[in-house]
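The structure under discussion is supplied below as structure tokens; questions concerning it will follow.
Think of it as A, B and C in the order they're written, each chain with its own count starting at 1.
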Amino acid sequence: MSEMRSHGPDPVPVVEGSAIGIIPNPMSGRDVRRIISQASVFPNAEKASMVLRILRTVGTLGVERVLLSTDTFGIAAGVQREIKRLSGARSSAHVRWPKVEFLTLERPTGTAADTTAFAETMAGRGSAAVVLLGGDGTMRAAVPGLGDTPMLALSTGTNNAFPVMIEATVAGIALGMIATGAAPEPTTHAKLLHVEVTRANGGVRHEAALVDVCVNTLGVLGSRALWKADSLRESYCTFAEPHSIGLTSIAGRLRPTGRDEPRGVAVRLDDPSVAAHTVLAPLAPGLLEWVGVLGSTELQLNVPHPVELDRGTIALDGEREVEFGPDDAVTVTLAQDGPRVIDVPTVLAASAHAWPTTTCVFA
Amino acid sequence: MTQTLSTLGSDAPDASALSEAQLLDVYRTMRSIRAFEDRVHEEFATGEIPGFVHLYAGEEASATGVCAHLDQDRDTIASTHRGHGHCIAKGVDIKPMMAEIFGKTTGSCRGKGGSMHIADLSKGMLGANGIVGGGPPLICGTALAAKIKGDGGVGVAFFGDGASNQGTTMEALNLASVWDLPAFFVAENNGYGEAAASTWSVSADNIADRAAGFGMPGVIVDGFDFFAVYEAAGEAIRRAREGGGPSLLEVKFTRYYGHFEGDQQTYRGKDEVRNARENLDCIKRFRQGVTESGRLTDAQLDEVDAQVAQLIEEAVTEAKAAPVPGPKDLLTDVYVKY
Amino acid sequence: MATRKISYREAINEALTQEMERDSSVIIMGEDVAGGAGGQGEDDAWGGVLGVTKGLYGKFPGRVLDTPITESGYIGAAVGAATRGLRPVAELMFIDFAGVCLDQIMNQAAKFRYMFGGKAVTPVTIRAMYGGGLRAAAQHSQALYPLFTHLPGLKVVVPSSPYEVKGLLAQSIRDDDPVIFFEHKAMYDVTGEVPQESYTIPFGEANVVREGDDVTVVAIGRMVSVAEEAAKELEGSGISIEIIDPRTLSPLDLDTILESVENTGRLVVVDEASPRCNIATDISAQVVSEAFGDLKAPVKMVSPPHVPVPFAGSLEDLYIPSAQDIVNAVKTVTEWSK
């Protein structure tokens, strides 16, 4: 008869100096596509739960510190409340919580700029990686702040091409392994699409997209989302997968291009009621629309591509961000200078040997 | 001079296809609301206006962006205690509104309602409402009437972050969904229910998150951006009109004045309002957008400003000169027949 | 008019049927007014908790609407629909449930017309059960009509027999003002002569149920039949009472009461509502104020004690005013001397 252990194995030791950052975007997953089709709603309460799952996981794996962005929409407040409750609860007495630092901004704007600022602070304060919870727009906003710090892009909703849907606990495992040195950091950089708008007065606006740039005929930024098939004219993609949702699904059907390939794809589009060739594409969850196609080409790295349309708006990763007119010159350039992105399956496969195990010898 | 602002109605085009005249109409509505509220603020401060007054300045894009899609005859709105903007955007005459606020016989309600009860049922405006959460159940009724009559009408309930916590609002959301009504719920989250921050009082943090619990879509828009509200509201109203059922739109912004006139607002951050006025203001943004893209000129917009200023001036002058209700008015208008 | 004997319940059902046939804008809504919505069994399984609306669901497709248990939601919806040309009849089941929807009645329906300067018409009828006798205890037995009589803008109807209930309900539905219609739950099986064809009984016209010379007895709702019992008993003592049924408490036909008191010089008011600020106190005060000189004795009020309605039959029987209580009161005023 085996002897029962009086207590479990010792906890995984805390690795001094190890840290990660977490940025949940409180505004993602709420745009007008929920009315137009049946795009998923992702409540902030669930984002707070995802953060808590990541915290518990990285804490258990020995991460010392977590930097967490704060917001006025209750995610950080919910996390704080739950940590307080759970820390005192008997049922979670065995959980080792990391030290959580709630970061605040001196001048919050309530816009994407906050995400950029948080990413920059986390990168500057020793985070081995930053995990972002949100959609394509959230990921794009973090890029300028991250520098060389790797990102893990977790999707909060079904409407995204760049971030992945993977259980937060598993994402937390990858983060914890990297932060404690048990798994290697990613070495390659993602592709970016750089948009340059040169105004008549010589002013230049620079924007970048992680997934796609879509030039369309809509005259205003409106509710930002882009789903009207007849308005689409030019689609530039860093990668295009046949199984993706949104604007890149058009290119994904015509010229599939992988995330790791050193090229992108450009598609010229037209109003489906006049175009000779049309393709059915899932422009948003639940919304399959006919799109008029004039042709597609490979997009080479570092070659500026002039935009042909003379007036309209430019959507970056699915959201209208820039209005332009006939006096403005717009170019799109693909480059391999994006962030380093953590691929969870790759990290876990590469670090299988380092996974904590114990062997019990029974008397 | 236009006194009644015409809503574009159910034929309202996509945001990018708004004509020059329609854009001017939109601008006139937003400018009229702002000028009306700024003037009421001044007149209240000098003691000319009796009672309780809650101003809508800063929130113009919401009422304007939503009501632009509504017809006056078949579409209805229910409003809140902060109702002047909704009234103007739904086409209630401005001069009688001002007279009502001054408590005069020439007022929209003959001086018997005041700021919190301005209504014009002939224009589908079911009244500002002194009760937080009073409007949403009523809108279930107007939407039901439209559904039974089959006239394609839509009922729109404007309510605030405070009312989002009221049982009446929750009941209305549920009933609208159960009855599959052509209803549209617009949660105007201006950050404060009276003096309490909505980030404290609204447990779900986003009011739009609650929509899922009632089986309807919930969407958030930037309330400082007319075009964002216009586009999202247009989709929701079209959906309701076509029989697609109710939906909820959360409009996030802030109010420029206090909960009521006289509120010292010590519960607010120091630069909060100044920052919004300088960097986010919906009228500034609209002007900038339409002039930079060449759709309207500053001269056209300045002309509207001048016309609106004159209208408000006349409205105040006439309101002040109008007679107050007398003893015979006290007893009338209680019942149709008694 | 040819009459036949039917129950109070059947009389209500007949009035609803005839009004719905007569006017397509009449709709019915309430919890289980059909019954069985969404279940696997029959439609119209209940016809209301007491079967009052049975059969209407099949006769009037789309016009008999089951609601979730959501009183604020659907009473508000009935009020809203009434402002848009429908004549909703909402069943509140028990008037005690006014506690969860009073705002929609008190602050919305009752006040629209006055607040909006006479421009609103809100022809909604809210039917509800009231009163004791079924051992339904404190939250399902109250006689809350004083609460609504207190509110300007509402009409309050308390029918006392099958004949009365049919004619008064038809009038309530056709009336252009909001009406709160009180049905005594212990009377649904009471039968009486009722004409088959449709008829209305005007509001504000009291019914002299029984003529008499010695004492005026004003009785409300089910108390009318209790007063009739007392009258028979008093005949033996040689006392003749005049029983007046006001039918409607708002408007109240005070003139008929005053005329009767002018003849009898004595007044007893019988009211099933709690004794403070009820209809008995109201009528007594008005009569004393208007006709003090006609009174030969103090006015007597027969009401329950100031306690919640008890559950145990032994207590509830003590609680509800009885024929003996009325006899005692009548004798007190007839035997009174200075």
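The rule we apply is simple: a contact is a pair of C-beta atoms (placed from the backbone, for glycine too) under 8 Å apart; a residue touches a chain by one contact, two chains touch by 3 or more.
The shown structure was predicted, so the numbers you read here are calculated from the model rather than taken from an experiment.
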{"item": "Chain whose averaged C-alpha position falls nearest the assembly-wide average", "value": "B"}
{"item": "Distance-maximising chain from chain B - centres being C-alpha averages", "value": "C"}
{"item": "Centre-of-Cα separation between chain B and chain A, whole angstrom", "value": "36"}
{"item": "Centroid spacing, where centroids are CA-atom means, of chain B and chain C in whole angstrom", "value": "40"}
{"item": "Approximate Å spacing (C-alpha centroids) for the pair chain A, chain C", "value": "65"}
{"item": "Contact set on chain B toward chain C in their complex", "value": "76, 78, 107-113, 117, 119-122, 126-127, 129-131, 133-134, 136-146, 148-149, 155, 167-168, 171-172, 174-175, 178-179, 332-338"}
{"item": "Chain C - residues contacting chain B, complex", "value": "27, 62-63, 65, 67-68, 70, 72-86, 88, 100, 103-104, 107-108, 111-121, 152-153, 155, 175-177, 204, 251"}
{"item": "Chain B-facing residues of chain A, complex", "value": "26-27, 30-32, 34-36, 38, 41, 43-45, 72-75, 77-78, 217-224, 228, 231, 323, 325"}
{"item": "Footprint of chain A on chain B - complex, ascending", "value": "14-17, 199, 204-206, 208-209, 211-212, 217-221, 225, 227-232, 235-236, 239, 247, 250, 289, 292-295"}
